[in-house]
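Two complexes are shown next, each including subunit A; its partner changes from subunit B in the first to subunit C in the second.
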Partner chain A sequence: MKKILFILFIISLLEAKEYIVISSKTMPTLTKNQLKRIFLKKIRIFNNQELIPLNLPTNTSIRYSFEKNILQMSRTQLKAYWTKKHYLGVRAPKKQKSQEAIIKFIQKVPGAIGYIEKQSLPDNLKIVYQWDEK
Partner chain B sequence: MYKFFPLLFLIISNLFAYEDNKYTLGEGLQVGSLPLYIGGYISLDYKHQQDYDSYRIDDLSFLVYGSQGKLSYLSEIEYKEFYVKTKEDGITTTQTNTEFLVERLFATYTLNENTSLRGGKYDSYVGYWNLIPINVLRETTSNPMSTYILYPKYTTGIETLYKNYNYEGVFGLEVSIQNNNDLDNEYNNYIINKHYALSLEYEQDLWSIKFNGGYFHIIDTTTSQKKRYYMMFSTKIEESNYQILAEVGTQQDNHHNFTTQYAGYIQGLYRFHEKHITVIRYESFFNEIIDKKDNFLVMGYTFRPLYPIAIKGEYQIHKESKDNAAFISFSVLF
Partner chain C sequence: MFHSINSFIENKLLLTFFIIGMFPLTIFLIYMIYLSQNKILQKSLNDEKIQIEKTEQIVQTNLTQLYNEIIFLSKLEIMDDIVTEDLDKRITTLLEKKANALHMDVVLYVVDKHGKLIASSQRDYAPSFQPQNMQGYQNKEKKLYFYSAIKASYNKQSQLGYLVLEYNLENLQLFFTTTPHIHTFLLSSTQLETIAPKINFAFNPHKTQVINEKYIVVYKKQKKFLEEWYLVYAVDKNVALAFLYDFLRFILYMVPLVILLIIFIAKKFSKKITIPILQLTSLTKSITKTKNFEATINLDTQDEIQQLSQSFNLMLQMTHNALQELKKENEIRLQRFIHLIETFNSIMQTKTTQECIEVSLEKLQTLVAKEHIHFQAQNNTGCIALEAMNYETGKKEVYGALCIDKQHLNNKDEKQFFESIGHMISLQLDRILLINNTLAISHAKSAFISNMSHELRTPLNAIIGSTQYLLSYEKLTDDQLEMIGNVESSAQYLLSMINDILDMAKIEAGKMDIHPQKVSPKELVDNVVTMLMPLLDEKDLSLYKNITVSNSLSIMTDPKIYQQICINLLSNSIKFTAKGSITLQLYKKENTIIFELIDTGIGISQENIKKLFEEFTQVENVMQKKHKGTGLGLSLSKKMAQLLDGDIILESHGESYGTKALFWIPL
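Presenting the complex of A and B:
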């Protein structure tokens, strides 16, 4: 029994984590490039809707994965990028404390978009992009 | 008088800004729950040449900005050369400038994902260096000569920016029109009442290329050849640990006589650590107005204990050794 539990534990470590980017059902599916532009605030309006990208706290594994796989920028590069954007009058995405907070925000505010673990997806929101972290 | 309103607002808003906001250096502060943010920057520098030393508190700047829906807005007021002490040939002079100047003041309306309109006073959309010109964010204390002599650094007018994402990369087109005097014209390298400019750019992954062309009209009575045309090419390659940046341009008057035959630079930057950056830049220019030609090398080092803080050292080697110069600067973005 202990052997089986140990093997299951090792398998869970090796399994890819599935993450999703979610928004309201009116948002179309997005490409990685579109997501990158949205979260770097290069696109602020989409389909006549103001976009509100949301980040999780800086020390979360999902955020690290999002920055690595979608934004393709290191933390240092992002710090430099947003410092320059501050001079240009543009703010970094709003930070939410948890995945639950992201879900609640998106459910209430049109144009909001954020990322969570796939298993947390509620029925009334849509997956606009998906990626795996191995 | 109107310039004091942003400062007054800044002081009053600071009384409310700290309530629920945790402050991070280089990110400004939200004013309560309003769609408004405040920030600023300061820079100090020292320059040494043969028989010449200058010490400056150069920039003392205040930023207020925000956005609401499709509209965003920014105001930047500044003390420029707030304090300057120079020692030249044994003679010391001190100057202070306590006049607040408007460096930028504009509103931007985003029509859709491709197009935005801007009106007010803004950094001229020329090249790459001029888009992020302040000491704390640029890579050396000094600016390339081309940014002083080829085009007006600031435009007071209207601008439209279009970006097309249907290509593998991003194609951008910008048109800017000024047909009035500058707002706070002391703050521009050319005092103008006209500036018509076009920018074409293409960006893909790590590299980008840009073409700028424009016309401006100088109203400063001490300047001859008041109607000027300029053209400039720029390119940039940016990776996580290095950057290559090059800009080169030319300027003529309305009789097709060169005012600046050429002015340009190529710069390489290497980040051997997130806090330590080295820069090398080669510049060359020939300005016919002052009949000056020079080629020189700039070697710089920047230490960023935190990204919004820059401590820089720089040495320039010119064609004539009397023009060689050393710079040290300290700057912070709040």
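Presenting the complex of A and C:
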């Protein structure tokens, strides 16, 4: 219920959506390119920390935005990419169902990195990237 | 038991077949009842063991499968949500789905590494978990817990928590075959808990099977997953043995049929054997009945009975032959016997001793060679003595001996035979001598009688003649007359006595001759009456004559004797009747002439009648003194009557009742 309201809220704010990529405090800010590479699992380890990128469910607008802006790949391209990568033993990033889950996950697991809507964060997390969706 | 009219062989065969047939049957039954029962139970046990293992296998497989599933589930990436404490409830959804999919009474839990419940497939209840126990599987009461560690998919070293499957052991009932007769269940080691309906039996952890009254029970301690439990598999005993009992019942129903079959076959086969035997028996019976020893028996059974009949035929033949021989021998013997009898006959015919010896020798010579047998006067050893009675000395003495050559006396029978002949000859000699003796005596008697007759009568006749002359011609005084008269009557009397005695002697010696003539009995009787009339007149007795025979009737008899008898009887009557009458009758009765006298005299008592006919007796009576008589009269008369083929009978009702005398002779 909360989620639906939240999504509606987000949709109401269709105009300018701000999305952030968050991770633990130890993570430095990342460039778009780095982010892309991380989420395509081309970079696996960063600062001796194994990275665990987190995706939101497939049909969320954030994800679409992320893919469009950061990964700059279409869904079909990504599908193809991950199919290829699958056979090389690399799986797609873990999915979490909700943004809260992402937050929680990142709090718990070092090296986790995920993207959510801009919102207030707990202390132990930091924004490593931001983008907007117009 | 076997008193039927059938042959004993048939019954023996019946019994044999019966035993042969029944013996295996009974053994079979005994085996079935006692031994196979055990076998069936054993087999049952074995089957159950196999079953129990199958069940165990299934259970194991299933549980292992479940466990593997848990392990698999725990490896899912989705389990990373433990980190988010299943915020999105993804794990919960999965657990719920999985629990439903399993269609069993299971609950899935996901707990974090401290044992805190993160997600569960059922919302209401959650047991507490101790993370240190969460290894592999655990059996708590009636629940089985599968544990699988959940590792982070992103970091294999990092354990996030555990996936727990709470499996209700009651689920296992699915794999247990339970029918009304089969009972499968789990029994805890404590024997307090059971999964699935149980049955009672004596549980012994050290054994693996129990057979009690109702059940055949097999149980096995479980390994993996169910270490605290025993899997028990029990089958109702009577079900296991049902087949056996059905079979036994079937056999029992078959038994009467089998018995009938046996009887039928036995009878059939025995007929084959007994019929020839009976044939043989009936044939032999008929042979013995008809004594036809020439018959033969023909049987065609190609077996021992035929052999029997053949040897029987042989025996019959032999018997027949033997009988024929015996017949021949018999004939020969008979011939010999006849010859012997003839020999004896001829010997018997001999009249002198010399003739006897000669004839004997002659006859014996037909049996023995002439040289081997002879007669001699002395008796030696080895000879057969001939003894005869010497009637002069009155002693038996050896007359002579018959000597036969030794060779004929070897055989005991032959010796006896010749001895018997010797006895025979002795007897004959004896007889001849006896006859000679008797003849001599007879001759002597005759001579004596004729002598006596002559000698006695001559002087008496002289006396009588002289006295009669004196009486009739000489002139004598009355006294002298009386005296002479006495002499004369005494002499007469003496003469008559002598006559009587001589007659008696004659008759005794058999010398009395009868001279039968044709005479008329009436005439004779009339003569008698005339002769004795003076006596009657003297005593003043009346005589009633009743003669019914005709004058012309004549009989063949000796008139002198007849008259004499009548005279004797009449004179006796007159003598013994003091007064009254005498009734004389002469009549024909049947084929006899009867001369009957009834007087009114003194009569005779019954005892005395017998005595009267004895010689020389006169019954003592009143008239003794008055009557003279030698006492020979009646006895002589009776003898004379018997000479004429007749008899005299005296009857009297007793003393003083008179006497009836009856003299009859045949026509």
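Definition applied: the second predicted complex is superposed on the first by the 118 of 134 C-alpha atoms of A that agree within 3 Å, B and C clash if a C-alpha of one lies under 4 Å from a C-alpha of the other, contacts with A are read in each partner's own complex, and residues count from 1 in each chain.
Criterion: contacts are C-beta pairs under 8 Å (C-beta built on N, C-alpha and C of every residue); 3 or more make two chains touch, one makes a residue touch a chain.
All values derive from a computational prediction rather than experimental measurement.
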- Item | Which superposed partner A:Ser98 touches (first subunit B, second subunit C, both, neither) | second
- Could you say whether A:Lys108 touches subunit B, subunit C, both of them, or neither, answering first, second, both or neither? second
- Query: In the superposed arrangement, does subunit B or subunit C reach more residues of subunit A?
  - Reply: B
- Which of subunit B and subunit C A:Lys126 touches, first, second, both or neither: neither
- Message: Taking the superposition on A as described, I'd like to know which of subunit B and subunit C A:Arg63 touches: first, second, both or neither.
- Response: neither
- Message: According to the stated criteria, A:Glu50 is in contact with first (subunit B), second (subunit C), both, or neither; which is it?
- Response: both
- Message: Going by the contact rule set out at the top, does A:Arg37 touch subunit B (first), subunit C (second), both, or neither?
- Response: first
- What part of subunit A is shared between its subunit B contacts and its subunit C contacts? 50, 91
- Of all residues in subunit C, which touch subunit A in the complex? 77, 80-81, 83-85, 87-88, 90, 152-155
- Query: Which positions of subunit A touch subunit B when the two form their complex?
  - Reply: 33-34, 37, 42-46, 48, 50, 73-74, 76-77, 79-80, 82-84, 86-92
- Query: Quick one: in the complex, what on subunit A touches subunit C?
  - Reply: 50, 52, 91, 94, 96-98, 100-101, 104-105, 108-109, 111-112
- In the complex, subunit B residues that touch subunit A: 26-28, 37, 39, 41, 63, 65-67, 69-70, 72-74, 110-113, 132, 134, 137, 163, 165, 240, 274, 307-308, 333
